[in-house]
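Each chain carries a letter (A, B, C and D) given by its place in the written order, and its residues are counted from 1.
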Amino acid sequence: MDGVVPVHCLWRWFLPDCLELFGDLFGQISPYWFAYVGVAFAIGLSVLGAAWGIFVTGSSLVGASIHAPRITSKNLVSVIFCEAVAIYGIIVAIVMATRIGYSAHAETDTVTKYGGYALFAAGLVVGLSNLFCGLSIGVTGSSCALADAQDATLFVKLLIVEIFASALGLFGVIAGIIISSKASLGGGGSNG
Amino acid sequence: MTETSIRPPDGSGDRLIAIIGDEDTVTGFLLTGIGDRSTPEPTFFVVRRDTTDDAIAEAFERFTSRREDLGMILITQNAANRIRGNIEAYEGRVPAVIEIPSKDQVYDPRQDTLMQRVQRLLGIRDR
Amino acid sequence: MSQRHVLPVVPSRMTLTQIKARLQGARRGHALLKKKSDALTVRFRALLREIVDRKFRAADLLRNASFRFAAVKYVVGEELKHVVLEGVDHAETRLRVRFENVAGVPLPSYRCVTVATDASTAFESRENGAAEALNPSRSRVVGATSIVQYRGLGRGGQQIISCRDAYQEALSALVELASLQTCFMVLDEAIKITNRRVNALENVLIPRLENTIAYIVSELDEQEREEFFRLKLVQNRKKRELARSQATELRARERRAAQALNAFDLNSFHEALGAETAAAESLLEQTTGHDPDLLNI
Amino acid sequence: MDMLTFNADNGYLEAVVRGLKASLLRRNDYTNLAQCENLEDVRTILNSTDYAPWLQNEPAPLQTQALFDCLTERLVHDYRSVRSQAYAPLSTFLDYITYPYMIDNLVLLLMGVLRNRDLGEVLDKCHPLGLFEGMATLAVVTSPEELYREILVDTPLAPYFAECVSVHDLTEMNVEIIRNLLYKAYLADFYHLCVKRIGGTTGAVMASLISFEADRRVINITLNSLDTALRKDERVALFPRLPGGLDDEVVYRLGRADDLQAVALAMDLSGTYRALFQQAAEREDHSLEDQFLEHEMKLLREAFDVQFHYGVFYAYFRMREQEIRNLTWIGECITQKQYAHASRVVPIL
């Protein structure tokens, strides 16, 4: 493999003849690698976002509920929103996984190649959007729990902020599903 | 002691002021510089919540009988009420025992031994 | 009065004069002491009123001071108490006791003096009285006791100073009160002693002297009477002697006459002689019989 | 990034402290308390707050001192429970909060040593938040040098001592000067900890709080040293100077001020404090100290408006201290029958 680039030649990447080198590099990688890495991103980053959001909001919730126990049940909504992010991730990952089938000559099949890239992109889209969505819900959820503990009338207003944050994840999910719906590896998926 | 230079001409040395009372009153008076710790026994006695009557009486006896250098003893009414017997039994003139109102009580002249005497005398003579 | 207080004296003219002089002295002393007692009582009553006034004033001042202390605690915190209690070293405010002689009674008067224990600061000894209250800014510089020096620099220094001033004011009021109170006790005692003396003079000494005088007078009278009676008795006895000697002489003369002149009418002579003897006997009876005092001797 | 990582270690404690802060007495509570006739009424009102368990064991005629002890006990309890759950940078931060108490205690001990007091007795009077290791061995200390060698070098305050006080000074210098020098070093160190070592939101919030504290000290030291024997260069040496505090020009003028007039003139150059100064002059029942407290409470409240920083811990404990002050003041006013003044407190919330 001649894809090894000496460090001192990095500037070359920005020259046209380097493009050839990248093409070679990606061309050598199996579409299945892209597809499964996409799936991994989708679920992994989503769970990361959800988990992060839950600990940010959860620790505040636990602390605040000591002096204001009434907030626990209401503010579980924030945790559920975070959890939803992980669920988005797993849904998209399942959808993506159904797009993958076995093909004996995947390296040369452009449809399969296309599907690999598409699933990779869909995974990144869903994963990243869910990661940030989770973080955003976590931070707002944490603030919401603290604010609710101080003043019960604030909860509903702050919940709207959280809902907007959790909508961010849905955008990624929609885009991811649309992108992955075009993909089919080795005849995977119904429309392949 | 540096008071040698200011000894009054008639030879009577300066005397100290002792105080028995709650922490705040004692501290307040100490701000005026009356406290003395040059001898092992300080010239003030703080009555705290857990101070027993015996301890107050002991301090009072110490100030009145065992010390020569005191000129007057201030004692808050709360503390004085707890050792009323000792105060009534005290006959000396120097140190003069003066009851002062306690921080958390309005001054009640009826409890003051001296004032009782004064009022009685005034009452009898006025009648 | 049943029992008679009489001084053990020898009743004589001399003692009588002496006792009379003493009585006069006692009367004058009684009048003087009475006057002193009244004067002291007047002073005493004024003092009582002043004590009451001062006491309430001091109570007010102290109340204000306690309140200022609460303000200090608000700003500085409780920690100040410990620092002050621990920071006590040498007393810088002391009492100067002076004895004033008022009408023979030594009255102690107290005065607050500030003693500078720090050698570097200027020596300062002055009254911590009203002058300071009038001029607190000056007292802050000069009269600053080292216990408050730099105290509360970071926070609350002004509150501490104002609290210190309030307590100082209360203290000087209390010191004045102490003078008055001691005066009160001394005067009380002085009045008691004076009254006791007045009463002693009035009820014991003067009656006793009067009794003694009466006793001496009666004693002297009696002596006089005794003397008179004795004289009378002697006179009587002498008279009787005389009568008796006359009678014997008469009898002897009679006998001699009888022996010499038996021719005389004896009867008529006896009659004459008997009358003379009866007269002498009745005289004797007269001197002995009617004086009742004679039996008491 | 504070908002993403802060909660991993401190989210729980921050929420706990915010919950505690919600239990602080409010303006209308103080109005009610100021109406009380005696301390038992105060107890009745406080029984409806979080103070109930702390007060219930006090014998019936409640005394101001007892009230104060209960409040302090609660503060100490709160602090210890928070401190015991804190992780690394926060625990250091919380330790720093107690250093002022430690300075007070050390000054007290130093006075005890200088005057040959029984240190066990002095130890009883130390603030429980300012206790440090090695206090148990204090009984053997007989001289300031020993105190320094045996005790001080092991305390967290040792660097401050090394910075500003020599062993010789311990006996020579006025303890109040030492206290202020230590406090100055402490503020600088605390500032460094918050801004440089912790940084982020904490740094930004704490910088304003600590520099306010420093400014307040500068002004107070100036005012309180006006008529004392303190020399001007000594005065300037006590000024804690922090970036973001008073202007150099103002500090220079304060350092040279001879009377109140000069201080007021210097204050005119500084926006925030000029307003405080003027208000103190206008409002009769409020001293400058009250104005400072009011301003401080405002800053502390603002600290609570920001999330994910350590400033809330500092703010909470300062607020607690203020509440203790307020309640003690009300207690004093009630016991001294000065009811009219009872409402003259600086409310926290």
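A few comments on the model shown:
The criterion applied here is as follows: a contact is a pair of C-beta atoms (placed from the backbone, for glycine too) under 8 Å apart; a residue touches a chain by one contact, two chains touch by 3 or more.
Computed from a predicted structure; not experimentally measured.
Traced through touching neighbours, the fewest hops from chain A to chain B number 2.
Summarising the inter-chain contacts, the pair of chains with the most C-beta pairs in contact is B-C. In terms of their C-alpha centroids, the spacing between chain A and chain C amounts to 115 Å.
Between chain B and chain C the centroid-to-centroid distance comes to 33 Å (mean Cα coordinates, whole Å). Separation between the centroids of chain B and chain D, computed from CA atoms only, is 36 Å. Centre-to-centre spacing of chain A and chain D amounts to 48 Å, using the average Cα coordinate of each chain. Residue positions of chain C with contacts to 2 or more other chains are 63, 66, 70, 73, 85, 89. Multi-chain contact residues, meaning those touching two or more other chains, occur in chain D at positions 115, 336.
Of all possible chain pairings, those that touch are A-D, B-C, B-D, C-D. Against chain C, in their complex, chain D makes its touches with residues 68, 72, 104, 107-108, 111-112, 115, 117, 122, 125, 127, 174-177, 179-180, 183, 216-217, 220-221, 223-225, 227-230, 238, 287, 289, 321, 325, 328-329, 332-333, 336, 338, 341.
Chain contact summary for the complex, chain B toward chain D: residues 22-23, 37, 48-49, 103-104, 106. Residues 1-3, 5-6, 8, 10, 12, 14-17, 23-38, 42-44, 46, 71-72, 74, 93-94, 96, 98, 100-101, 103, 106-107, 109, 112, 114-115, 117-119, 121-122, 125 of chain B are the ones touching chain C in the complex.
Touching chain D in their complex are the following residues of chain A: 52, 55-64, 66-68, 135, 138-139, 142-143, 145-146, 149-150.
In the complex of the two chains, the chain D residues touching chain A come out as 3-4, 7-8, 11-16, 18-20, 22-23, 307.
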